[in-house]
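Each chain carries a letter (A, B, C, D, E and F) given by its place in the written order, and its residues are counted from 1.
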Amino acid sequence: MATLGLVEYQDATPEVRAVYEDIMATRQTDYVNNFWKALAHDPLTLKRTWESIKQVMQPGALDALTKEMVYLAVSASNQCGYCIASHTAGARQAGMTDAQFAELMAVVGMANESNRLASGYQVEIDARFLPR
Amino acid sequence: MATLGLVEYQDATPEVRAVYEDIMATRQTDYVNNFWKALAHDPLTLKRTWESIKQVMQPGALDALTKEMVYLAVSASNQCGYCIASHTAGARQAGMTDAQFAELMAVVGMANESNRLASGYQVEIDARFLPR
Amino acid sequence: MATLGLVEYQDATPEVRAVYEDIMATRQTDYVNNFWKALAHDPLTLKRTWESIKQVMQPGALDALTKEMVYLAVSASNQCGYCIASHTAGARQAGMTDAQFAELMAVVGMANESNRLASGYQVEIDARFLPR
Amino acid sequence: MATLGLVEYQDATPEVRAVYEDIMATRQTDYVNNFWKALAHDPLTLKRTWESIKQVMQPGALDALTKEMVYLAVSASNQCGYCIASHTAGARQAGMTDAQFAELMAVVGMANESNRLASGYQVEIDARFLPR
Amino acid sequence: MATLGLVEYQDATPEVRAVYEDIMATRQTDYVNNFWKALAHDPLTLKRTWESIKQVMQPGALDALTKEMVYLAVSASNQCGYCIASHTAGARQAGMTDAQFAELMAVVGMANESNRLASGYQVEIDARFLPR
Amino acid sequence: MATLGLVEYQDATPEVRAVYEDIMATRQTDYVNNFWKALAHDPLTLKRTWESIKQVMQPGALDALTKEMVYLAVSASNQCGYCIASHTAGARQAGMTDAQFAELMAVVGMANESNRLASGYQVEIDARFLPR
């Protein structure tokens, strides 16, 4: 169980319920996952985090699937167990196929390898890559 | 300068030159960036790393631009200076717009925030997110 | 169970027992947690690590509660499961309230987000922030 | 220079100027640091990030100095150059002394050491540390 | 269970079986561990990753035991649960004693501590340490 | 320059000088590198950190070169610029050849890649790898 426990809908204050309802409406589901129920002990953080994620994840210059896959890529790179599990589910719901998942992980793996080779060899940034 | 220095084309052995030529041909450029020139002191690692990246980054279930953006996202998350600079250039060459870059960074930022909230609150993985 | 197992008090050598006793005396408890029992297979590391933590965590320019919360903040940022669990307990014993915990996690989350935005955007350090 | 460059006040749109003005008013300064000028190319992220940081960093259950020090601790742990420089300045402005800085870094160092010892030894979480 | 499940030998395609057989032959064992069975859903990544690890881990300028211990050190530093467990087993099979394990973890711990002290104090690189 | 500046020998208190002298005597050099001069503003941390590193890095079950290479491997994996530079120098002084450096970095790279594949695929730890 989470540090402060989980706040279920029936036990939630009106302001927490309002966030839960917006999560369910936005995601077209009747399920609120544990992450939000754990944050609900701090309604300000719950509301701010949800509104930030809602803004960030809405389709724009990048489509919803790409955003979900980037989220999963960062979570896998950071090795956050909860986040990998929940965003694998999220990316799948947004349409990620097994083949896309596998290619995504291959890129994450190579980026983590070459990041350390670049740092370990102390490679100087090419003049042409410097932002002007 | 890199730990072991950079190997320029004119000083390279035939096996290193062959990799440089494949890099330039594959990327349709006449430029080999410092990362490869630093690795060239270890021809086996140079060749293996290049062939791996070539395989991983070729369009498949994910297109080339998505892969470049994921690479950049992981590098930004890992805070690797060289990699951020070079893959920003790479992603732009693959067509990334400023608006896509900005949305990409917004996702990377939120993922890093929520990864720590999930861990810090010790949120238990929802049963429905567990792989079966 | 830990890689090398846990060394219980009754099975410990006199030098390990002396560390266990100092831990219990310093913390005013009769409990030695698994971390120390796992390290006890390497009495030198056990003793050095305990003495370092005892020195670092004693109240000084920063009070004990602030230090425990910083320890927890770093552990949450690093996503170390054991450390989050044990230092949540430690911070609570030092007086951390639920409200302080929630604000602490909010800061940890934002710092992790803005760290990546700063790196990803390759923001140059302001001249006035450079140490002289 | 930052990837997309910096947006100076005189070149900024009204909505960006409004954020800059709120930053200066809140912090009681006439200076806007590079982080915000780099983000200003994405006014939505600029506004959201500023409002989040303003909310998170305002004194509450934790005072302003403690929050600044936790921010610095996480940035040092993540090894983000820009963030260490800017939040060292921020923490000092909030009153951090050299002695507090030194103790803060000592805690950050020990936490990073013991995090890896706990993980490397595969220490099992003590039953009493598990959240109920 | 892994995201895509595990591919057992009897259910594997000939190309996957060929990799499994090479793993068992190279390691002189009749056991293929879960990591490979999870990757087997992506035969290209399975084959590339195995061939890379086989090349990288073969004795050369560094002997097999040193390489296994470095692998474990990085995994402990990254706090990857699966990797710590499997490479502890691997290093032991290559001859790592309990005393070597303990000293290895002590170095990993100190490196993680001093890395943050160096970053947190913004220590400038000594001229003599700069690669020429 | 470092956050609090560097303490040169001629400006140091007797207790700081004693540490500097022990560093030079132990390392058989007349040079004290910036890391120690930066820490010297906090004599307690200076002394504790030096004595810990001296204890940890002395040859034991692992020889001095192996320990220096593990230190470098962790620093490269963590992407700490100062630490990579100083421990590359340190490992070379302990006898590391270019070929050993290159193989070390290859292992660090692969470990970082496979760490993320294992996490990203949510691979379950094999029963035989669990510590008993």
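Please note the rule applied: a residue touches a chain if its C-beta (ideal position, glycine included) is under 8 Å from a C-beta of that chain, and two chains touch if they have at least 3 such contacts.
Everything numeric here is computed off the predicted structure, so don't read it as measured data.
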Joint neighbours of chain D and chain C, given as chain labels: A, B, E, F
Duplicate of the A-F contact set - from C-D, B-C or A-D, the pair where over half of the pairs recur: B-C
Averaged-CA centre spacing for the pair chain F and chain C, given as whole angstrom: 20
Chain centre separation in whole Å, for chain F relative to chain D (CA means): 27
Junction residues of chain A, two or more chains touched: 1-4, 44-45, 49, 52, 56, 77-81, 85, 88, 99, 102-106, 108-110, 112-115, 117, 119-122, 131
Residue ranges of chain B in contact with chain C within the complex: 72, 76-77, 79, 81, 84-85, 88, 104-105, 108-110, 112-117, 119-122
Residue numbers on chain F that touch chain B, as the complex places them: 79, 88, 98-99, 101-103, 105-106, 109, 122
List of chain A residues in touch with chain B within their complex: 1-4, 31, 33-35, 38-39, 45, 49, 52-53, 56-57, 60-62, 66-67, 69-71, 73-75, 77-78, 80-83, 85-86, 88-89, 97, 99-100, 102-104, 106-115, 117-126, 128-131
Complex contact set, residues of chain D against chain A: 1-5, 44, 48, 52, 55-56, 130-132
Chain F - residues contacting chain D, complex: 3-4, 41-42, 44-45, 49, 78-80, 131
